[in-house]
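In this document, chain identifiers A, B, C, D, E and F correspond to the written order of the chains, with residue numbering beginning at 1 in each.
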Amino acid sequence: MAKRPYFYQDLSWPELRDLTAADPVIVLPVGTTEQHGPHLPLATDYLTAGTIARAAVEQVAPRALLMEAVPYSFNEHHMDFPGTITIDVHTILDYIAAIGTSVAHHGFRHIVLFNGHGSNVPFLDVAARMITNRANAVCALVSWWSLLKQEDVAWRESTFPGGMAHGCEAETSLMLHIKPELVEMDKAVRTIDEVQTSDHIWWDIMGGSGVFFQEFFSRNTTTGVIGDPTVATAEKGRQLFDVATARFAAFLDEFRQREIRPRKDLHAQPEN
Amino acid sequence: MAKRPYFYQDLSWPELRDLTAADPVIVLPVGTTEQHGPHLPLATDYLTAGTIARAAVEQVAPRALLMEAVPYSFNEHHMDFPGTITIDVHTILDYIAAIGTSVAHHGFRHIVLFNGHGSNVPFLDVAARMITNRANAVCALVSWWSLLKQEDVAWRESTFPGGMAHGCEAETSLMLHIKPELVEMDKAVRTIDEVQTSDHIWWDIMGGSGVFFQEFFSRNTTTGVIGDPTVATAEKGRQLFDVATARFAAFLDEFRQREIRPRKDLHAQPEN
Amino acid sequence: MAKRPYFYQDLSWPELRDLTAADPVIVLPVGTTEQHGPHLPLATDYLTAGTIARAAVEQVAPRALLMEAVPYSFNEHHMDFPGTITIDVHTILDYIAAIGTSVAHHGFRHIVLFNGHGSNVPFLDVAARMITNRANAVCALVSWWSLLKQEDVAWRESTFPGGMAHGCEAETSLMLHIKPELVEMDKAVRTIDEVQTSDHIWWDIMGGSGVFFQEFFSRNTTTGVIGDPTVATAEKGRQLFDVATARFAAFLDEFRQREIRPRKDLHAQPEN
Amino acid sequence: MAKRPYFYQDLSWPELRDLTAADPVIVLPVGTTEQHGPHLPLATDYLTAGTIARAAVEQVAPRALLMEAVPYSFNEHHMDFPGTITIDVHTILDYIAAIGTSVAHHGFRHIVLFNGHGSNVPFLDVAARMITNRANAVCALVSWWSLLKQEDVAWRESTFPGGMAHGCEAETSLMLHIKPELVEMDKAVRTIDEVQTSDHIWWDIMGGSGVFFQEFFSRNTTTGVIGDPTVATAEKGRQLFDVATARFAAFLDEFRQREIRPRKDLHAQPEN
Amino acid sequence: MAKRPYFYQDLSWPELRDLTAADPVIVLPVGTTEQHGPHLPLATDYLTAGTIARAAVEQVAPRALLMEAVPYSFNEHHMDFPGTITIDVHTILDYIAAIGTSVAHHGFRHIVLFNGHGSNVPFLDVAARMITNRANAVCALVSWWSLLKQEDVAWRESTFPGGMAHGCEAETSLMLHIKPELVEMDKAVRTIDEVQTSDHIWWDIMGGSGVFFQEFFSRNTTTGVIGDPTVATAEKGRQLFDVATARFAAFLDEFRQREIRPRKDLHAQPEN
Amino acid sequence: MAKRPYFYQDLSWPELRDLTAADPVIVLPVGTTEQHGPHLPLATDYLTAGTIARAAVEQVAPRALLMEAVPYSFNEHHMDFPGTITIDVHTILDYIAAIGTSVAHHGFRHIVLFNGHGSNVPFLDVAARMITNRANAVCALVSWWSLLKQEDVAWRESTFPGGMAHGCEAETSLMLHIKPELVEMDKAVRTIDEVQTSDHIWWDIMGGSGVFFQEFFSRNTTTGVIGDPTVATAEKGRQLFDVATARFAAFLDEFRQREIRPRKDLHAQPEN
């Protein structure tokens, strides 16, 4: 494997220094270490985020640089399942914000958190704000599913909402494409009927309820899955991967052009 | 004004004690103190959240209890505008979580954060999780706009997305219905063209972009408004208010019935 | 109800901006949500603080502005009584300090925390120092009872010390004047004999012991009251209200004139 | 110097273990390192607190044990004067609370913080509450001046209020008695006229204003003193020392007898 | 690449669950993202730690499991060099402790932090204590160089101390063995003479001074290197790698056998 | 006892101010309050550190100033033994850092933490870094044993490693020299055999293992001792004291001369 000119941590400090002139977007994949049912590895979320991010950055490099993924984040609601690692609320916020402000300290001005873990969303939303507010840079949050359109998943077989929630048709398909050696399809179990139903509360990567609610996973599933992984295929995964990559690459190119305007002070101006 | 039997803080401790048997949903409105353009008061977000919440609780009482609204929250990105109050990231999380866990300590098992401030969303999402994970209760987050459907705003005149973003057609209309004495329509200014455009980043109460991004407001508006308040009317506000109230009341009745299932421990069980 | 020109949150940001020139004192009432015996509502402390503060500000406006009251604060020692809400030690300090430093950020230079809850005193004392030390402003703490003189309560019937401690002759009288609909005098119970006696430890709004000590309330009262609310009357409440208001108004006018002198650096001055 | 049987840190762990049976009061002196004018040492506050505490504990031992004094605490408002050490707000609270909860962990049930620094008061008040609320013990706060009566300082020559505020007649007299070698009376300067006057804000060890307010010391004094140290004498110091010691000893004996009653849970009792 | 049965994150939760019975040691590599001179990549420390850890775990599996490396940690003193990422003091402690306590939550009882970054040492020392003290497990810290003996580096050409400090003969050799494609030997610069000399303060992987001291790197080096990378060779790296791996593998086998004895309570035992 | 011109807290603020010109090294002894076996007092670690530090500072004064020792620090792993006080992880870091940054605020530029407690090492290492990174000063950590050479303890009778670990030959000898009245040699018990043996984990003041590991003391000793105090003598203590003092004094003189070089910014320099 050769040095990847788009990979932040493959570079030396003088190389990084010289790259600031090109004003690349810095992409930080954030995953987690979390149970994903009996058929998927704990690594799922940082593998999906990291792999899609790499593919997108490769498409737009040198206009973007990819950082090493963060493999540990908040997961309290999954702790009844062996193997899950959770970082507490305040720590994960400060950890991500510290990475972003460090990057900005070195002169990069556009930063993207690229997310692979559903429950990371509010944390990374807050962390992105911390970075934007504190640093001389702007920071956006993109989850790999957040740029998808309904037409992108025309192949969908599982029910909406709920069929694509966790360790599901979508995540399993993606992993079959990215890391088939880590998927054990014979252990995949459709897990939808255990989940408490509600007119107001649901989650699906293609659209969640207006009500935000997350309780301990073990209240709603004994497999760890929510959704239907049995209909997953590598081909669906390839399509998901390609479209997520393309959309993210397009975003990167637009975001890099985003003007960072000066703030305006709307206060009455003091005399001295 | 008489004692309101549905209002948490109007009650004495023995009254509260006796009410736990009925298992009411506890509703905590959360607003903020924040600039809303030259025509709206700083109180806007806690007035809208508090008033809709009160109307919904009145409809379902005694199956719900209303708490006094939280009037101060996170607002760093609005600090260029006079009057805005901001609570820092970690403090607002712990403040809201402390209220929820206190409520749960007294035996209430269903808690709802009812939100009136767009930027509260990730913070209250996290806080609701803190409450659900730590207390013997479940906590959900609802923003007043989050239960609306497109058909509910058929009267909309401002453009989508962006016309209903901040101090906009929707918020101004609501305030014209709730607190007309605090609205100065002659000062309302349509503010859309100043906002940096993007294919990937936008915000509207009827649907935001998949990319999450929030920068200092003063970069995109000098009025403090984002959207078009000039097309606001009290009648639109009345309709918004009624539908938001009805939908929230329906949610409360469903949520109160939500089963709080026991957690399951999926670990290998030790011998002792 | 009309817009109140003295009420911070009724105003828009340009109105707030223009008011800084007049250099008003900003008054933040801080109460709590806490049991006050079987005859008083949980809201007692923010209602008393908020109502007295409003009356005083009305007297001196436009030389002062009133903010929305903080309704939740530290109360760990009351948690054995249903309904009480407690915010943990560090959070309430940072919450109050954040409000004060936000206000100072907008150019206001004299800030007063106006307190209605006995146990808020050390917390608000610390928070006021945080604001004064960090911001370009000065912040003072006043509790509604702290400006009273013995002659102001010549009508007192309960014993000193201890008769005016919590849910007592004074607080109940105040509430009978301010919010009679929330007082149930038939449930008021004199609660003094349960309290552990001491030559060195006591609390009364007209003077506490030199020793500072606060333990769980349930160790000393089963009604939640400490003191004698049975001798409370609306007329005593009116007198309390009037004198507290007058004294606070006088303080506001003096405090507004308080010079904020430059700090002096007493260190040896370095050459460069 | 021999081993002091009443001094916590002179003892070994088995000695400490055996002493729990006698249920002694644990006394923790808390001072600070802070400028006290040109004539007094930075150590003043921990020397006065530590010495009075030792004398009182000697009088009542073995019914009390003395701990090593804490020499560093909050002092932000004195940082313009060389030598002052300040511990930030949250840290000093947790530091003191940790000592107290450690002591309680070992089975001691009555703890007293004995204070020598005016600005420690709100911090130690909060810390004492943290200890009482978290540990199986009760904790009180006594400042050496807080038990004095007006008759105890009949010899007073400086004006009230303000003559006994900081590095003043009282503190200087005490130090002339306790550590005369550290007092340079020829450098003592009466410093009262520089201080901004107010009808509502003042501080004196014999009684402060109802308004709590503390700003940077350098705004009101260039000597570091507030009060009149020029009238201090060793004889006044002896009298202060003796009376403070006697009163504190009497308190210790009473406090040791204070019953630690069980908490009562006033909630409706659940079935299981 | 196949699923690695020894790699924590390759496994599913039921696989992890079943592995607890074998009581494997959990190995968490901790590196950093930090400048390592002009010839080495920012990834150096997590690559060295991760690769040696993997090799050692492969030797002893299934008696140990390897976790994904932590790529971001404390680095404030390197921030003058582009690319370096720093996590603040409190956050990195809590982040590592959270991973360890999560692992212990799942029933693993022996945890090893395997370190590749010199300045991680005190942080991981503290974090390991947090894990051991809080969890039902024990946690040790090993740095890849900490198990080496002088005889292991008989090939050393650079001076002792200081020749093997940062981006040096040792680290460069290791990287030439592990990831030669990321090393640019033509850019390696010997950097020793710039470093301020001291009889008491020095650092070398084969033995540091008794005085602990770390200042900003840019005060002592403009290349980012401290030491002599020009004498590095892949063969030295292979020897380093092999011996570090062998020693670490031996430690893992011993540590797994370490008895976790019950704590003893040395307090006088209370009657009830 | 006369005023000690080298003792920070004996001085007044003008004296301190004037001393900054001489640029003395500031020495802060840090001990702890911790069980040291049945024969030594809880004060051991702050007495040893404080006494050696005082002797060294006396030798080099006025080129160094001594501060009052910190008597309370981290000790979680000793809490099974009566009397031990522990400060939690984050608090002790911030407490020490606050003292150091306060000292630097007053213009002192060389600060030394002089340590007497083994488990303080990683905490003080981190705290020293916090001070160096945040303040305009440099801070080093020295433990009294860290400057010793093997030849300095030629009189050693206890086994290596482990004979000099805690409450051992070295600490007991030192105390017999410094504070014989606090040592009860008849209660000293050799405690080595209880300790779990390991090829990789050990601790001795003359050299610890490369693996860092600390578990609850009560798992390895019921006396509280680890090592052999029965071979301690006052003469060994005198020798230890003299050599530690001499080496520390030499370090102080060198450290005072250490140049505090400007940082260099290695980033590409922006145009404006």
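What we mean here is this: contacts are C-beta pairs under 8 Å (C-beta built on N, C-alpha and C of every residue); 3 or more make two chains touch, one makes a residue touch a chain.
What you see is a predicted model; the values in this text were computed from it and never measured.
Listed here as common contacts of chain A and chain F: C, E. Centroid analysis (C-alpha atoms only) places E farthest from chain C.
A centroid comparison over C-alpha atoms places A as the chain most distant from chain D.
The distance from the centre of chain A to the centre of chain E, each centre being the mean of the chain's C-alpha atoms, comes to 28 Å.
Separation between the centroids of chain C and chain E, computed from CA atoms only, is 54 Å.
Across the assembly, chain C contributes residues 13, 17, 20, 81-82, 90, 106-107, 224, 266-268 that each touch 2 or more other chains.
Here, these are the chain pairs in contact: A-B, A-C, A-E, A-F, B-C, B-D, B-E, C-D, C-F, D-E, D-F, E-F. On the side of chain A, the complex with chain B involves touching residues 76-77, 80-82, 89-90, 93, 119, 121-126, 128-130, 132-133, 138-143, 146-148, 196, 198-201, 210-216, 218-220, 222, 224, 250-251, 254-255, 258-268.
Against chain E, the residues of chain D that register as touching in their complex are 13, 17-18, 20-21, 106-107.
Against chain D, the residues of chain F that register as touching in their complex are 1-3, 8-14, 16-17, 20, 33, 35-43, 46, 67-72, 79, 81-88, 90-92, 94-95, 98-99, 102-103, 105-107, 181-182, 184, 187, 224. Residues of chain A that touch chain C in their complex: 266-268, 270.
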